[in-house]
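After this come two complexes, each holding subunit A, first together with subunit B and then together with subunit C.
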Partner chain A sequence: MKINKSALVMTLYILFLMLPIYWLINMSLKTNQEILSGFSLWPENLTFDNYLVIFTDASWYGGYINSITYVLMNTVISISVALPAAYAFSRYNFMGDKHLFFWLLTNRMAPPAVFALPFFQLYSSIGLFDTHIAVALAHTLFNVPLAVWILEGFMRGVPKEIDETAYIDGYGFFTFFRKIFMPLIASGVGVAAFFCFMFSWVELLLSRTLTSVDAKSIAATMTRTVSASGLDWGVLAAAGVLTIIPGALVIYFVRNHIARGFALGRV
Partner chain B sequence: MRKTTNQKAWFMVLPMLVLVAFSAIIPLMTVVNYSVQDTFGNNEFFWVGLEWFEEILASERVHDALIRQIIFTLIILAIEVPLGIFVALNMPKKSGLWTTLCLVLIALPLLIPWNVVGTIWQIFGRIDIGLLGYMLDQLGFDYNYTQDATDAWITIIIMDVWHWTSLVVLLCYAGLKSIPDAYYQAAKIDQASRWSIFRYIELPKMKGVLLIAILLRFMDSFMIYTEPFVVTGGGPGNATTFLSIDLVKMAIGQFDLGPAAAFSLIYFLVILLISWVFYTVMVQSDKGAGA
Partner chain C sequence: MSLKLENVTLSIDGEPHIYQTNLALESGSMNILLGPTGAGKTTLMRLMAGLDKPDTGKIIWNGEDVTNRKVQHRDVAMVYQQFINYPSLTVYENIASPLRVKKKTAVEIDTAVRETAALMKLTPFLKSRPLELSGGQQQRCALARALVKGAGLVLLDEPLANLDYKLREELRTEIPKIFAASGSIFVYATTEPEEALLLGGNTATMSEGRITQFGKSSDVYHRPQNNITARIFSNPPMNFLTLNKRQDRIILGDGTLMPATDAFLTLNDGDYMAGFRANHLALHHEDKKLKFDARLNVTEITGSETYIHMEHEGNPWVGLLHGIHDLKLGSQISVYLDPDHIYTFKKDGKLALPARYAERVE
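Up next, the complex of A and B:
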C-alpha cells in the first residue's frame, strides 16, 4: 500500500511537470489556424510545417548555430581554466584560498542584470560586441565558479596517495595529470562540462544584450518574435521544443550526478 | 583530506583568476564608477558622491520592487522547499527503470532555457489557446494573467514551482540516498513513528543538502529576470516588476546610468550579505557533521 501511495505522488508530480511541455509539443504540430480557431487536446491536422520553417529560415536555424557555438566555446574555456584551479583548491593550502573560494561563489550570486550594461560597454569598447566569443567570455562569470566547485568536489574524492605514488614512480606533473588523474575524475569533468553547457544554454539576458545580428542567440531570436506583431505561435512553439532537446538528450547520461552538479559539487 | 601548504598553488589558480577578474571585476568597477558620477552626455562626467545611493534608497519605485521581490522569494521558498522534501520522500528507493524515468523526467524542467520556460507558460496560461487558462475559464474562473495582478502573480509562482521544485527534490533525494539501511532497521526495532523517522533520521541527514537547496533557490529567485519578463513583461502595470526587471528597465530602457549603478551595487550587496550568512551556516554544519 505504501509503495502505491509513493507511486501516486510521483505520477501526479510528473504529470504536473509534463503537461505544459506536452502542450508546447502539441502546439508545435498544429497550423496557426488550428491553434487560433479552436481548442483541441491534440493536433487534428498534424503538420511539421512549423519545424520546416525553422530548418529552412536562416534567421531561425542561424540562432541555434550561434547559440551552440558560444556555448561550446564557453564550455571549453571554463573547463580548461577550472581544472588546474580546482586541483589547487583540492590539494593545497595557500594564502587566501578560503577567501578566494568564497569570492568565486559570489560571482555565481551576481545578478546578470547588474552585469548586463557594463558587459555591453566593455565588449563594445574592445570591439567584441556581437561576436560569439563575447558571450562565451561573459558566461564564464558564472560558469567558471560552477566548474571549479563541481570539479573540486570530485577531486576531493581522489586520495592524495595516488598523486604521491605517481611522483615516486617518476611521473612528471603533466604526464601524471593527463595519464592518471584525468581518467579518475572523468565523470567529474563530464558533469562540469554538462553544467557549463546547460547554464550557458539557458541564459538569456547577457546573450541578448551582447549580440545583435551576427551572433544572435536562439533565445534572443525567440523573444524578439514575441514582441513582433502577428505572432506565429506554431513556429514559436516548435523553436521552444527544439531548445529542450539538447538537455533531454544529455540528461540520461548524467542522471546519477545531476544533484551533485546542481549543488555545485557539495553533495 | 590532509592538504599541504604550497604557495605555488597560486600559479594553478592564476589563469582562472585572470579570466574571472576580467569578467567580474572590470565590469563591477564600471558600475562603481557610474554610481558616483553624473553626466550631461558627450562623455563628460562629474563627481556627485553618494547622491545616487541616497536617491535609490529613498526611491519609492525601488522600495516597491524590493518588497515585491521579498514577498515573491518567501512564497517561492515556502512552497518549493516543503513540496520538494515531500516529493523526494516519495521517490522510488530501488534503482530500476522507474527510478531512472522519474529522475530524467523530474530533471527536465531544470534544463529548459529560461525564456522557453516563459514561453511555455505564456502559452499555457492563455485563455484562448492555453490548456491551463482555457480550463480555468471553462470552470468559470475569471482568469487573465495579462490584465489581473493576482492572476499574474499566481501564474508566475506556479511557473517557478514547476521550474525549480525539482532542484529541491533532486538534492533531497541525493541526501536521502546516503542514509544507510541500518538506520531504518533500527528505527523499525524501536517502533518509531513515520514522523520520528523523518524528524530524527531523514531530516538531520538532509540538512546539508537542504541548506544548499535553500541557498540556491534564494539566490536564483532573488535575481529572477527572464521568466517573468517573457510571461508578463513586469506587468500588468508594475505588478510583477521584480528587482532585476526594474534594474534592466532603468539601465538599458531609460539609460539612467548613475541610479542604475547605485541600484546594482545595493542589490548585489543584499544578495551577498544574505548568501554569506547561509554559506557560513552551511560550512559550520559541514564541520559539525564531521564531513
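Up next, the complex of A and C:
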C-alpha cells in the first residue's frame, strides 16, 4: 500500500498539536490518585467530580464569572472607543495623524508588567482596586490600539464616496454610521472584538495584580490551587478545559474573517 | 431653480485646485463639464454639491447663499464614476434611501421606487443586492437613487466612464430623455468631446482648475475662444502650426503660402498660431486646398476610418480619414487642408479669427 506522505506528516503534526489538550482533558476526568499513580492513556475510573467541584465551589466558578465580566466590559469599552478613532484615521487627514497612528500600536508592544505597578498604585489610591472595571480599563490600554488598527483597515476598504452619497441622500452622521456604515464593517467589528476578548481572557499579570477577592480572575484562581493536601491536579485540569471553551466559541463565529484580522484588516 | 458660483476658489494643501471661477446655471439645463483628467471637474462638482467648501467666493442657490450649508440640507443628488451603492441594502432600499430620510409615507416611497426602477430597467433586480448586479446595472441603481430624490441639482461625475461601449451608448441616449422630464439642473462631467456634443446643452471646458469657456455645446465646439478650449474640445486634439501675416500674404508653417483674403485681411501683421481639426485633413487635392508635407509615424485603422499620426515641422499632427488607407510608415506624405477650416489664435492663445466654415454652422 502506498503511503500518502503529506497526509502522514499532517496527521503527525495534528496529533502533536492536540496532545497537550488531550492530556488536559484526560487528566480532568481522572482522580488525583490515578493522575499521580502512573501512566494511563485514558481514565480508568472515569469521574466528573473535578468539574463538579468547579461548578459548586464559589471560589472556582466565581473566577469564571469575574473573568467574563471584565472581559465583556473591556471588549465593549475598547470597541466603542476604537470605532470613532478608527473612523477618523480612515477618513480624515489631520496634523500628525500618521505618527499618532503608529504610536498607538507601540503601546501594544510594551510588556504588561511595565504597567502593573503604576496601575496598582493608581487604582489603590482611588479605590478601584479589586473591581471589574479596574481590570477592564487596564486592558483597554492594550486592546484599544489593536482594535483601532483592525477597524481602520476594514473601514479603509469602504470607499469614502459611500459616506458622501449617504450625506447627499440626507443622512446625518450618526444615522449613516448606524444604518449604512456599521453593516459594512460588521466583520471587522467581530474580528476586533475577538482579539480584545482573547487578550483580556488570557492576560494574567494585570488581572492578578489588580484583584484580590471580589474580582479575582480565573487565571489568577488557577495559579493559587496549592492546598494543604498538595496540588489538586484534577480540578486544575478541569478548570483548564473550561478556560479553553469560551475562546473556541468566539473564534468559531469569526473563523471566516480571522485571517484579515491578523493582517490588521489590510488585504 | 438656478445655481451660481461667484468668484469661487479652492486650494488643497496650499496648491490651487480651482482658480477664481464664475458660473451661472439655469433651471432645466444640461451642463457639461469637459476637460482632461485632473482639470478640476470633480473638484468643481464637489463644491457645487457642498461636499467641499470653497476657500473664497459664494455658492448661490435660487438666490440664496448656501456656501456654508451642509450637504444634507442642499437640494442635490450625485452619481460618481465608480459604482457607489449601499452594498448591505437591496436595490429597492438603495433607491428608496433618500425618500426614507425625507420621511415619506410607505405608499409614496413604493410608487416612486417602482416608477424609477422601471425607467432604469431595474424592476427584476429590486430584491438583489447591488454587488450581485453587473456594472451597468449598478450604475443604473446609482442613477435611479439620484433621480428619485427629485433634487434641483443633479451632478453626474463621468457616470459612464467605467462602462463598456455598448452600455455607455445606451445610457447616454437615455440620460437626456430622463433629464428632459425632470426639469432639474444637470451637471455632467466627461473627458470626451463626443459625449458633450451628443448630450447637447451647454458645455464648460475646463483646464488646470479654470473654466476656459462656457456656452452652448455646439457653439463652444465651433467657436472656441482660445487655443486651450479648442484643444480640449477636439478629439483627436487640434493640430497647430505657425501663421505669419504680412500685408496681403500669409505664410503657414515654414513656407506654405496663401493669399490673405476676406477676414484674414483684418488681422494685424505679425505671428499667429493656426489650428485645425483632424477630420479636416485630406489626402487629395481639391479646389483651393493648401498642401503640407509631413512625415508619417503611425497609422491606426478602426475599421471604417484611418487615423494618421504625422510630424510636421516638429509639431505632432493627427489626421482622421474616411475609409482604409494603406500608407507606408516613415514616408513623406502630402496632406491637404481647406483654409476655411483654419482657426487663427494670437500668441497668447486668444482667438484672433474663427474658422470661416464655423460661421455657417448653427
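To be clear about the criterion, the second predicted complex is superposed on the first by the 249 of 267 C-alpha atoms of A that agree within 3 Å, B and C clash if a C-alpha of one lies under 4 Å from a C-alpha of the other, contacts with A are read in each partner's own complex, and residues count from 1 in each chain.
The working rule: a contact is a pair of C-beta atoms (placed from the backbone, for glycine too) under 8 Å apart; a residue touches a chain by one contact, two chains touch by 3 or more.
Given the structure is predicted, the values throughout are model-derived calculations rather than measurements.
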Combined model on subunit A where subunit B meets subunit C, clash or fit: fit
Inter-centroid angle subunit B-subunit A-subunit C after superposition on A [Cα, multiple of 10°]: 90
First (subunit B), second (subunit C), both or neither touched by A:D57: neither
Touching partner for A:W23 - first (subunit B), second (subunit C), both, neither: first
Touching partner for A:D49 - first (subunit B), second (subunit C), both, neither: neither
Contacts of A:P84 with subunit B and subunit C, given as first, second, both or neither: first
Touched partner set for A:A138, first subunit B, second subunit C, both or neither: first
Dominant toucher of subunit A (residue count), subunit B or subunit C: B
Subunit B versus subunit C as contact partner of A:D214, first or second or both or neither: neither
Nearest-approach distance, in Å, of subunit C Cα atoms to those of subunit B in the combined model: 8
Residues of subunit A contacting subunit B in one complex and subunit C in the other: 159
Subunit A residues within the subunit C interface of the complex: 159, 161-162, 164-172, 175, 180, 183-184
Partner subunit A, residues of subunit B touching it in the complex: 1-10, 12-13, 15-17, 19-20, 22-24, 26-28, 30-31, 86-87, 90-92, 100, 102-116, 119-124, 128-132, 134, 162, 166-167, 170-171, 173-175, 208-209, 212-213, 216, 219, 222-223, 225-226, 230, 243-245, 247-248, 251-252, 257, 260, 264, 267-268, 271-272, 275-276, 279, 282
Touching residues (chain side subunit A, partner subunit B) in the complex: 5-7, 9-10, 13-14, 16-21, 23-24, 27, 35-36, 39, 41, 77, 80-82, 84-85, 87-95, 97, 100, 102, 104-122, 137-138, 140-141, 144-145, 148, 156, 159-160, 198, 201-205, 209, 218-219, 222-223, 226, 233, 236-237, 240, 243-244, 247-248, 251-252, 255-256, 258-260, 262-264, 266-267
Partner subunit A, residues of subunit C touching it in the complex: 49, 51, 70-72, 74, 76-78, 80, 82, 84-89, 97-98, 101-102, 142, 145, 149
